[in-house]
Amino acid sequence: MKKLINSAESVVTDALTGMAAAHPSLRVDPENKIIFRRSAPTQGKVGLVSGGGSGHEPLHGGFVGYGMLDAACPGEVFTSPVPDQVIEATKGVDGGAGVLHIVKNYTGDVLNFEMAAELCAEEGIEVASVLVNDDVAVKDSLYTAGRRGTGATVFVEKITGALAETGASLADVAKIGEEVNARSRSFGVALSSCTVPAAGKPTFDLDDNEIELGIGIHGEPGRTRVSAAPAREVARIAMDAVHADMPLSGEVLVMVNGMGGTPLIELYVVFAEVAAYLREKGAEPVRSLVGNYVTSLDMEGFSVTVCRLTDELTRLWDAPVETPGLRWGR
Amino acid sequence: MTGGRTENHPHLLGGAATLMDAQFFTAWIEEIARVVTANRDHLTRLDAAIGDADHGANLHRGFTAVLEALSAKPADSPGAILTLTGTTLIRKVGGASGPLYGTAFRQMGSRLGPGADVTLTELASAVEAAVAGVQKLGGASEGDKTMVDALAPAARALTEAAQGGAKTGEALDAARLAAEEGARATIPLQARKGRASYLGERSIGHEDPGAASTALILGALHAAAG
Amino acid sequence: MKKLINSAESVVTDALTGMAAAHPSLRVDPENKIIFRRSAPTQGKVGLVSGGGSGHEPLHGGFVGYGMLDAACPGEVFTSPVPDQVIEATKGVDGGAGVLHIVKNYTGDVLNFEMAAELCAEEGIEVASVLVNDDVAVKDSLYTAGRRGTGATVFVEKITGALAETGASLADVAKIGEEVNARSRSFGVALSSCTVPAAGKPTFDLDDNEIELGIGIHGEPGRTRVSAAPAREVARIAMDAVHADMPLSGEVLVMVNGMGGTPLIELYVVFAEVAAYLREKGAEPVRSLVGNYVTSLDMEGFSVTVCRLTDELTRLWDAPVETPGLRWGR
Amino acid sequence: MTGGRTENHPHLLGGAATLMDAQFFTAWIEEIARVVTANRDHLTRLDAAIGDADHGANLHRGFTAVLEALSAKPADSPGAILTLTGTTLIRKVGGASGPLYGTAFRQMGSRLGPGADVTLTELASAVEAAVAGVQKLGGASEGDKTMVDALAPAARALTEAAQGGAKTGEALDAARLAAEEGARATIPLQARKGRASYLGERSIGHEDPGAASTALILGALHAAAG
């Protein structure tokens, strides 16, 4: 394993130190591992807190700022944050209008955020939460922990963030978050495994002619392994999975997301295929993101996330945002 | 895996009615920390196969913090020791195993209450409380391929041994064996909870990391008894 | 080799098709391989054209838009564009105030842009050019092709772009480009080679405990190979090389740039070290970029670029920009 | 490397004064396209060692386009064929080698002018013009480890052979040998031009890809003569 780190133990803290140095608009607490807007809390505004294991950068810390999150709690690599972090973040962003937790659906994230939410509620902070579970590769049934939260998290954070800036109520902000989640689906493909620093070697092994379909964002192996194929076919497999679960139509927001080790030139090649697929199905990609947004350390591969827009969602997507990872309109 | 023992309480092997004190529970926690460290890579490898390759690191971080917490403000009763252990795990581990193991230890601590000495029957009841706490929080049943598959049989074995008037040493050995067997028995199962469930059928053929660490924790309990 | 492409032959065209689909603000000509602002040319404004081999995305196409380039000409992977592309781009952005070519100092780029500039001049378009040569790893002497142009290209494109929007003259825009280049230095480190699609295998091999120092952005091997080391030491080697060539002081703009295969979490770890180094030398990183800006396909590694700011440069850096790769202020 | 020949002009082996016509130059270009394709990976590997691993792909793309251009609008004189070749290389190759080889062929074409037949002396002068064009554009001297190291000796060998009254076949063979020797002689050199110069001393020990492709181009010239 070769990585640009000082040690597996310090990687999260060291990266937070870098974020603090790079982004004066953020207030970073590397000790307790919390990233706040420098101006937090905003009085009268619903506070937005998200978090999860590290290794998915820019998610979540890179989405703290005007029009998106108020704070993020990064855990150790691929390990959900502990309740203390979430509690401190929640208190720190409470501007009197309640706090929304945006939680990706993993057992660890759910449990830790729930414990924190209970304690915050006991201390009189109104907390609601949105659970993101967009990954169609997981069968959602009694026989699994439910669908994973992946790419749609970016959409949920952006759109709830935009609505929160308008002074909307906690219930309304939570509601739109759920709507975005309900209208979004994702599917991921890996060309290589990632290497968790503390583990020191790849989580799984792929032959030079194999790819892994339906992967998550923690190096969990996917559901099937197939032969490597041209981008056109791989994109079609991913989009077929999305389309089978949520028929594609109308105006959509689409993200072709890199898993961390895949260069932008390849993501654009995939995006071309995804856009062609959408048009073939009668859907129109009116908004898009192409790049690294929800990564899995150094994994090579991509995920595609589609959200069926409404006029309101499009308007909120277009609203100004000013974070290290997403910025427009100011 | 690496076994072994740090501190012994040979007197515990004496008879059914032998009491377990704060020193015993401290020895247990220390032994857990030792075996978790010794098996850190093993647990991480198990987690790499059907999860996200962090279970060893998570427990290592957790029990290292527990040792620090215990030496910073020594808890004086078995219940207080276990409660502090659980609280520290919740505060330091994260992931799925942090809240789950944290709850397990906190449930044991609260079931034991403030008393200075613990009987085998009380211990069995505490481990039953741990099982109930983990199941309530995580919603897993036996057979879902989680830590419950090792913890629940261990609790049953302890309870049966206590009811049957077994000696403490024998009872702890039975609990250890039941946990180990439960962990091994997760291999052919398809996971229905936690991260491994995402794999569907591909989770079959691998031991659940949380069940494996539970077996280590029960092994440490037996080792602490000498 | 596993890549998300359809074929080595079509990768550049396919990626351009993706860019066209993703960015309605651009007018992409995948056939002739040119990326224009949709609104080009802007009458009365100096037109800015850059280009170079593909494989460095988002450079250059991702920097086309308000406040930066008017057009970009991507060549084949790691191969400078041909004069025809540059000529068409130059004509397409000529708004009557002349056109600036921003050229990275490689023999191929220089020759192809020069040929194009001559032909454009013959057709009556006023063309000036800025040569970017910031890479301190190359000894600039009679015995080399001169220093390579790498990370400073982003700074030059941003700052000349900002000045051009103010209606400044071609001579002034060229002059500030040269000033930015003169005040900037870079150094790059690779943890792995890249794989050129048409070559099908890594350009060079590195052992699992080796890193390559002083690499460029085309998979050229660097000047030395050393043992892998903690991020702190590696960052120090890079910064020592920069500091030895251009003593660091005052307010600086600094970019920690990923080579394509390195995740953001590691780039932030490096940035923390770079910022600490700068402060140690009495320089203050008042502006920064952390991310993938000038990549080398899927190479793992980073480069660091430092520009010693003036008040004017800071003001122009802060001016609004709206491109796929850099955006703020609008 | 792969050698071989496509079309032969056995009459050219006849005597010093034999003339080379448009058919001969077409055969040369076709033979270049063939050997470049056959040696594509070899050239790319050479470029990977001290450059950016694209030289084979660049020349393959370039000469494929040249073949298309020649068949789209057949040029009828040697000079026109070489000029079209050079123009096409400039328009399709990019990189350093595109303008340089493009200029080399355009210089040859313009030196040969519109005549239908070319003498050995005229050919030698054309290759000298190619060398001058490449040197003027790229600024490289012999010994800088570039294509000039193969092209310049080949031009000298042709000129000497022509002045010495050699037969065309012998002269082309001498040029080929000089180019091959020149390419081989780049191995111990440290590069001072082009991408390889960035490597400093590490460029030593590798053959320059452009010199290697020049040797192939001169080999194709000899092969075209039969």
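Every chain is named by a letter (A, B, C and D) in the order it is written, and numbering of its residues begins at 1.
Operating definition for what follows: a residue touches a chain if its C-beta (ideal position, glycine included) is under 8 Å from a C-beta of that chain, and two chains touch if they have at least 3 such contacts.
On a predicted model such as this, the values are computed, not experimentally measured, just so you know.
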| field | For subunit B and subunit C, chains touching each | value | A
| message | On a C-alpha centroid basis, what's the spacing between subunit B and subunit D, in Å? | response | 76
| query | What whole-number Å value describes the gap between the mean CA coordinates of subunit A and subunit D? | reply | 55
| note | So, in whole Å, the Cα centroid of subunit A is separated from that of subunit C by 29
| request: Averaged over CA atoms, how far is the centre of subunit C from the centre of subunit D? Could you give it in whole Å? | output: 33
| task | Assign the assembly's chain-to-chain touch graph to one of these shapes: line, ring, star, complete, other. | result | line
| note | In their shared complex, subunit A is touched by residues of subunit C numbered 1-7, 11-12, 14-19, 21-22, 54-55, 57-58, 62, 191-192, 208-209, 211, 228, 230-232, 234, 260-273, 275-276, 285, 288, 290, 292, 295, 297-298, 300-302, 322, 324, 327-330
| query | Contact residues on subunit A for subunit B in the complex? | reply | 8, 53, 75-84, 106-108, 111-112, 115, 137-139, 142-145, 148, 196, 198-199, 203-204, 216, 218-221, 223
| said: Under the definition above, what is the set of subunit B residues touching subunit A in their complex? | reply: 44, 48-54, 56-58, 61, 90-100, 137-138, 190, 192-195, 197-200, 202
